Structure formats: structure tokens, C-alpha cells
Amino acid sequence: MKKLINQPEDAVKEELEGVAAAHGDRLRVHTAPNYIVRADAPVHGKVALVSGGGSGHEPMHGGFVGLGMLDAACPGEVFTSPTPDQVLEAAKAVNGGAGVLLIVKNYSGDVMNFEMAAELAEDEGIEVEQVVIDDDVAVKDSLYTAGRRGVGATVLAEKICGAAAEQRWPLPDVAGLCRKVNANARSMGVALTSCTVPTAGKPTFELADDEIELGIGIHGEPGRERRKLAPAHAIVETLATAVVKDLPFGRGDEVLAFVNGMGGTPLMELYVVYNELHTLLEGWGIAIGRNLIGSYMTSLDMAGCSITLLRLDDELTAFWDAPVNTTGLRWGV
Amino acid sequence: MKKLINQPEDAVKEELEGVAAAHGDRLRVHTAPNYIVRADAPVHGKVALVSGGGSGHEPMHGGFVGLGMLDAACPGEVFTSPTPDQVLEAAKAVNGGAGVLLIVKNYSGDVMNFEMAAELAEDEGIEVEQVVIDDDVAVKDSLYTAGRRGVGATVLAEKICGAAAEQRWPLPDVAGLCRKVNANARSMGVALTSCTVPTAGKPTFELADDEIELGIGIHGEPGRERRKLAPAHAIVETLATAVVKDLPFGRGDEVLAFVNGMGGTPLMELYVVYNELHTLLEGWGIAIGRNLIGSYMTSLDMAGCSITLLRLDDELTAFWDAPVNTTGLRWGV
Amino acid sequence: MRDTVTQGGLTAWLRAFAAAVARDREELTDLDAAIGDADHGSNMDRGMQAVVGKLGGLSPDEAGVGVGALLKTVGMTLVSTVGGAAGPLYGSLFLDMGKAAGEDAELTVAQWATAVEAGVRGVQARGKAELGDKTMIDALAPAAEALSAAAACGLSLADALRRTAEAAAQGMKATTPLVARKGRASYLGERSAGHQDPGATSSWLLMQAAAEALASDAPPDRPRT
Amino acid sequence: MRDTVTQGGLTAWLRAFAAAVARDREELTDLDAAIGDADHGSNMDRGMQAVVGKLGGLSPDEAGVGVGALLKTVGMTLVSTVGGAAGPLYGSLFLDMGKAAGEDAELTVAQWATAVEAGVRGVQARGKAELGDKTMIDALAPAAEALSAAAACGLSLADALRRTAEAAAQGMKATTPLVARKGRASYLGERSAGHQDPGATSSWLLMQAAAEALASDAPPDRPRT
């Protein structure tokens, strides 16, 4: 394993120290338990957005804390959801009296830990809503499984709901908006290589030099299918077809297209992917109204990408365009 | 070789098509010859900043075109400097009557191609100045070599000079400012893995599982020394010591600290690196006034990072803080 | 050998479990890499190290509280240090065992069986997994059942714990051919078959550690090893 | 076999060089990977493919212009398609050869030698490299010198070109032990020793192609192969 870290067990702790040292002007990093809040928290009268999950997905979620997006992020250990006390303390730190929305990615661990946190927060008199994001079409949704995973839609939901919260929307409405984003977004990813969890010290899975894993999760969970390496246009067509058919997106729809890098894939390739996606969607009569291209939700050093489409309407577009000021996403301020 | 591309020869072309499709609202992408200009170019009465270099370093330079930074970027083939006609046409497209500053990284190819372009532009009556950036301390500067390479300082110079140009500084002054940035900045990088040039199809060099290459160039040029893999604190100490001793930076200096990812290294590790750098500099009495952490000047899929320090004064700090609106760097607008 | 569960026994058990997790950490992570995200070993190790630290740091006062309070402390520690799926699940196991155990200083085999059953029900309430979903429940539920049966037959603590561990081992092994329906492995669908579940494996280690150490009568303040 | 350099000979030469570059593309890139950035093969191949395309696309009018004009077209094409260090350098070589060749329809061996010398001076003016800096100059300069000497002795074109190629080969091989002082390889310092210079290698291919094809009398409009 080759990483720019010290002791594998200390990677998250030292990363957070780095964040604190770098962004003390805009973020407050709390340790034991670990959480990151915007420097001006709590914002009085504003619904507070709290998210979190395992570390290793940076800039998600810590890089999305700030005006117009999250009030707090709770980083767990690498690929391990945060614990209830982290979420509880973060919620207490950012609650501005208008309640707290917990944005949770649909993984058993995340769901259970946030659920326990919500119970504890309610015990302390904080109004809490939870929305579980589950946009990954690679996983068959079924009553008999843990359901679909939460991936790229999380970033979009955090941005859009953050904007609504800045406009002082009340908690049930912000939560409703979050469910709307989730209901209108679908994603799928592909891995060219495995990631390596620092404490594991070796790749989570092995892919031959000519193999890719379709439908990969952001934690290096194996996907649903292993295939031979293919040109970008074939890979993008597979991902985009699965995504488009699932909702389904249709002729005349306007979408936000999010091409996300997995951590080990450079921007150059993401633009090649975007180019293919753009051509495909154009052919299918789906217009790209907005786009986001970059490594915003990573899986450590995994090479690969994911594609997320969100069906836009005027409301979602306006909230997407609203000012945001975080270390990971910034415009309008 | 595993990349999200189609034919290796087409990667740059298709990347540019992706950029054009994604950012048509803010950029114009010209092909044959290839260059990217801000949508509102030429800006009348403003010194135009033109840079460029081989592709494979994204977001540098195309991602830095826009208000407050570059007017045009000329992407060459992967790791191959652009040709004089690209630079000439770009200069003509953005010249707003106040002259053109060419920001050139010190590589034989870049220097010669930009030189030819400058000659051609002057023949066409455009006022041109060139500044060559050479901040890489890994390479011994000597009369008998091609001198030091240009690396991280390029990003900082483009930002800072772009701000001065927006304030309508005249050409000689913007060029002088660019030289000042270069004179006050030093960098050094490390590779954990090689990059793979698409048309070469295999890694440029081989590193054993327990080896790193110190003083790597951003084109996968071998560094000056191969070492055993070491913890982040040891690697950062090596890089920072070389950088600090070279200028030298000293107790009481205030610096901009730029921790740059090489393309295959995720943000998490860059924050671990920043944390080490911050601790070291604090110990040496050097204050970090500003910072930039992320993959802004990449080397395809190489894993590794570089550290750049720029000694700040009020002027440089103010220009750094000035608004910038590009796809790669954005704040204040 | 004692025939009741005491604070001393619990402490010895938890230390033995922590040691087993530390020893098999890489194996647990490898199992999780195959059908999950390669962190179960480090998650459990981090949690059990914290538990052992807590045990060592208990003041004589706290050390003197009942079996139930100790179990609850363990549960809270796991909840706040493990994270992931295993954190709330093992946390619930111990919290609900603790609630059922009450304030007594020691438990009979039957009381212990009742506590374990309550703990396992807690895991199921939290995780909604059924037998056969390829989770830790596949080791825990048969173990709790075997323990209750052993208690009903009046077996000694040592014998009951041995049967419990055997049942957990059976359950753990039985997860291999299953297709996962809960947890991260369920994303794999059919491809999850052919791999032993990591959580069932750590649950077997837990029961195995009980068989080795819970009936021992080491004092609670034995220095950390 | 002709004893003068004609448009037909030039065209055959450039096609032979393009074919050699395409054939040895990977080797050139490998040499560049060792001490540079792994693109010399693809750079030269891209450029020479463009040149060959240009040759095929020349209108009869253009095809009829002098040797000098043809060389300048080649130079401009290389400048605008190769990029990197090799683009301006090979571009200068051909541009300055073209200037020296003037408007004649064919050149004697002596005139050809003068043109090549001018071209090599152009490379040196652009790149500032001296003999021994481990660059293409190490192949080009001895080649130009050998060519001039051969011309002075009145050798036939074919013999002169053979000696030229031999001198280029010597110069190329001599780059191996050198420490680079120009170009990207110079960043390596002492570690650049022990590797043959990629640019010197492509320059040898250029002179080798001349020996094979420049004295041939294929018509300029021979269909592309």
C-alpha cells in the first residue's frame, strides 16, 4: 500500500487536523467525537443540515460544510459510518432552533447509527427529520435486501436543500425537498481499480489488467458484474442506459448531469466521460441543464467514475444555482 | 493501461469536446488549432493572459480560464507543449489592445514554442511579454542545463496576475508581478506511482511497491532520487526542507502553502500532507497566510503530491484574494 | 471454574474476545473485503480496544456495580467507537443484555441465557435481519437458543457455554452458501454466496471467548495484558 | 539512382522517414520514458503523418515548386503538429534547410550539404545545444559535417548519404554515456547517463532514411503507401 499517510489508524484524525489547520476561518473541527461545523453555527432560525458517513469520500461531506450547504458533517472512520454520539453532538452544535435534517446514505450502518442519533436528539428536545438517499441503480431494490445504496444524489441533495434552508424553509419542507431530489436522481458507477483501505493495507478486491467492475459502490463493495475493459463510450453507454431506464428519464427532460471521479481518476478522463454522456443524452432527447464534473464523492484512491442524473425543474435549478461557499463547492459568493 | 478514454490519440480532442459541451456558457473552445478562451474575450483594454502546455495536467490550464485568471489556455497533446500557431491564434483571439502576457513553464519545448509564437505575434503587431516560471527546486539550476522546471508556482502566478490584469495594470507591470511571484515561489514533488501516457500505453517508469520517486516532474520525468516508501511526515519534511532552504524562506515569513495532488491521490491524503506541512512550518516560524489544497496541476493518473510555498506580501495577498471565476478555481463571484 | 457469571468472568470474557479480534483482525477484514468494504476487523478491533481500556479504567466503585451496568458500559462504548453496521448491532446486543441482566452481582446460567436472548432480540430489533439473511444473526440466534436449551437442561455454565459456542460455529459456517439479504453484502446479490459472513464470524469469536473465559474467576481488576 | 536531390527524392525520403518513425514509434517513446516524458515517438509520428498527408495533398502547382519550398512546407507542418521540443527543432531544421536550398528544382550534393548545414545551425540557434549535450545535435552535427566532407571529396549522392547516416549513427550511439545538459533529460542530472537520447535516435532515422530513399527518383506524385 502506497499512501501519503502516517499510521493507517491515524489517517482520519490527521486529515481532520489538516482541515482544521487549513480552514479555521470557515470551519470548526471538533474532535472526540469528530464533527465539522461551519464557523458561524448555529445559524439562528435556519434549519440545520447534518450529514456524515465513513471517511474516504472527500470532499464529501466535510468539504460541503458552509453557507448554502451543510451545517455539520460527521466523518466516521474510513468507510465506517459515524457513531450516534458524533451525530448527536453535531446536531446539538448546529441546531438554530428550527430543527435538524439528517441526510443519510442508505447503508445499514449509516441508517442504524443516524437512527440512534435521531432518537437521542429527540430525547434532548431537538426536532429532527431524516432523509435516506438511495439513488444507486446498480443495486436491485427489493423488500428482501437493504435496498439501493446512496451515492451521487447525496451531493446534489446537500447543495439543493442547503439553499432552501438558507431561505429559511421550515424543516418539513426542506426534508420534502430532499426526498424530491432523491426521487428524481439516479446513479451508477464503475471501477477500473480497487481502492485500498488504509487499515486493511491491501486492495479490497483484485481486478485483472483488462477488467472493470460495473456497479461498484463507493466503499469498494464489489459491483454486480465484472466485464472486460472497454472504451469510454461503451462504459458510459452502459452506465447511462441503466440510469436513464431506471427512473425513467425521458425525451424532453432537463437534467443535472454529475460526472464524479472516484479519487484516482484525473479530470481529463472525466471530461471524456462527460463528452460521451452529453452525446448520448442529446441523442435521447434529454437536455443537460446543469452539470458538475469532478471528484466530489470519492472512494479513496479508486480509479473510476460514477454518473448521476437529476431531473430538474425550476425549483431545483434555482436552488442549485443559489450561492454556496464551502471548501468543496463554491459559487455566487 | 486502464483509462476512461476511447482511442488514446483522441483523448485530448474528446476532452476538449467535453469541456466545450460542459462550459459553453463561460468558455469558448476553438479547435484546429486548439485553444480555450473566456466567453467574453477579448476584454477591451485589459492585458490578456495566455498560458498553455501539454495536456494531462488538468485543471491546469483550461480550468483556469475566466474572470480574474487566464484569458486563454493552449492545450498541447498529452505532455507535449502546444505549437506556436495555437499560441498565436489564442493571443489574437484575446488581445484586447493592451497586450498579451505569455506565462510559460520552463521546459525546452514550451519555451521554444512560446518563443516562436511571440515572434509571430509581434510580427502581427501584438505587444507581447513572456514570463518563464521555474520554481522546481528538485532540479539544480545551472548555466549548463535547461534550468529548473516550472510547476506549482504557475497556478499561483496565473491567479495573481489575472487579478492585476482585471484591475487594468499595464503589460510591463503584470509581467513584473509574474516575475515577482516566480521569484518568491519554490516547489517540489514526490511520486508514489508513475503516470501512464495514453499513447504510450504503459507506465512511464516503474516503482517497486516500497519505493517513491522524490523530485518528480509533472510529466513523469524521473526525479532525482529514488527512496524507500516513508510515512507522510518524513516525505513532507524532505520536500518542505528542500523548498524552504532554496529561496530561502525564513522565520517571520508569511506564505501561501499550496499542497497539490498529482491526479491519483485523493484529498484525504492531501490534508494529511497539509497537516504535516503546517506543523513543520509553524516550528520554523513561517506562518501560513493562505492555502490551496487539491489537485490543481496533475500528472495524469500519477499518485503523489507537490508542495509549493509562495512568500506573501500585502500586494500578493490582495491579488490572491481578488475574485476569480473559472471552472477550476472560484471565489468572490 | 465458577458456575455463575460474575464481573470477573465478564471482564475475562471481554478481554479474551478483544484478544481474539486483535488476532483475527486481518481475517475478519479479508472476509469483509470479499463481500463488503474491508473494515470489519479494524472496526471490531477499535471497539474492543476501547472496551478493554474502559475495563482497565473502571474505578473500584464502578467496578463494583452489577453485571448489567458493566454490560451497558460495554454496549455504550461499542456504539460510540465501532460505527458502521457492527457498532449499533453489537452495541444493542450488550445494551439489551445489560438491561435484562439487571443489578445483580452475579447471574445463574438461566439468567445469563435470558440476558443473551434479550441481547440477540435487540440486535434483531435494530437490524431487522432474520435467520438466513447471512448476518451475525445466523451465529447469534442459534447460540442464544443453544444456551437457553442448555440452561433448561441444567447444564453447568462451562458446558452451556461450550454448546453455545458450537452452535455459533455451526451458524457461522452455514452463512457461506447463503445469498445476503441484509447489510452491505446484500448489494452483491448472488455473488455474495460462497463467502462466510464477517459479522457471523466475529459473533462466533464472541461465543468462543465466552466458552474460554466467562466461567473463569479472574478478578475484575486484573492488570491489562 | 540520381545524383541530385529532387522533389521526387525528397518526397521518397520523407515517406521513408515517416515509415521508420511509425515502425520505431514505441522504441522512441521508450527511450523518452527512460529520461524524459514518454512522448517522442508519438510526437514524431503525429508530425510525420501530417507531413505525408501534406505531400499527398500537394496540388500539381505546389508540387512543382522548388526543393526549398517543399522543405519549408515540411518545416511549417512539423512546427504546427509536433509540439514539445522536437516540433520547433525539427521545424527549424527543415525551415532553414528550405531557406538555404532556395528556388532550384534540384540540388547538387554540395548544395544539399550546404542546406543540411544551415538546417543544423537552425536547430542550434533554436535550442542552444552544443555537441555533447546529449541531444539530437549529437547526431545531426556529425552528420552534417560528414556530408560536407563527402561533398568536398566529390562523392556521389548515394555514397555521401551513406557516410552521413553512418556519422549520425555514431553520434547517436555516443549519446548513451553522456549526462544531458539540454532538454527534459537534463533534469535527471547524472541519472541521465546510460540511456540513448531519443531525439538523436530520430535524427539518425532521418539520415538513415535519406541514405535509403533520397537518391531514388520516384516521382513526387507517387501514390501514398
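Per-chain numbering from 1; labels A, B, C and D assigned in written order.
Please note the rule applied: a residue touches a chain if its C-beta (ideal position, glycine included) is under 8 Å from a C-beta of that chain, and two chains touch if they have at least 3 such contacts.
What you see is a predicted model; the values in this text were computed from it and never measured.
Leaving out chain A only, the groups of chains that stay linked by touch are B, D | C. Common neighbours of chain A and chain C under the contact definition above are absent. With centres computed as the average of Cα coordinates, no chain lies farther from chain A than D.
In whole angstrom, the spacing between the mean C-alpha positions of chain A and chain D is 54.
Taking each chain's centre as the mean of its C-alpha atoms, chain B lies 32 Å from chain D. Rounded to whole angstrom units, the spacing between the C-alpha centres of chain A and chain B is 29. Counting partner chains per residue, chain D shows two or more touched chains at no residue at all.
Interchain contacts link the chains end to end along an open line, per the touch definition above.
Pairwise chain contacts in this structure: A-B, A-C, B-D.
Against chain B, the residues of chain D that register as touching in their complex are 29, 33-39, 41-43, 46, 79-89, 126-127, 180-184, 186-189, 191. Listing the residues of chain A that touch chain B in their complex gives 2-7, 11, 14-19, 21-22, 55-56, 58-59, 63, 192-193, 209, 212, 229, 231-233, 235, 263-276, 278, 288, 291, 293, 295, 298, 300-301, 303-305, 330-333.
Chain contact summary for the complex, chain A toward chain C: residues 9, 33, 54, 76-85, 107-109, 112-113, 115-116, 138-140, 144-146, 149, 197, 199-200, 204-205, 217, 219-222, 224.
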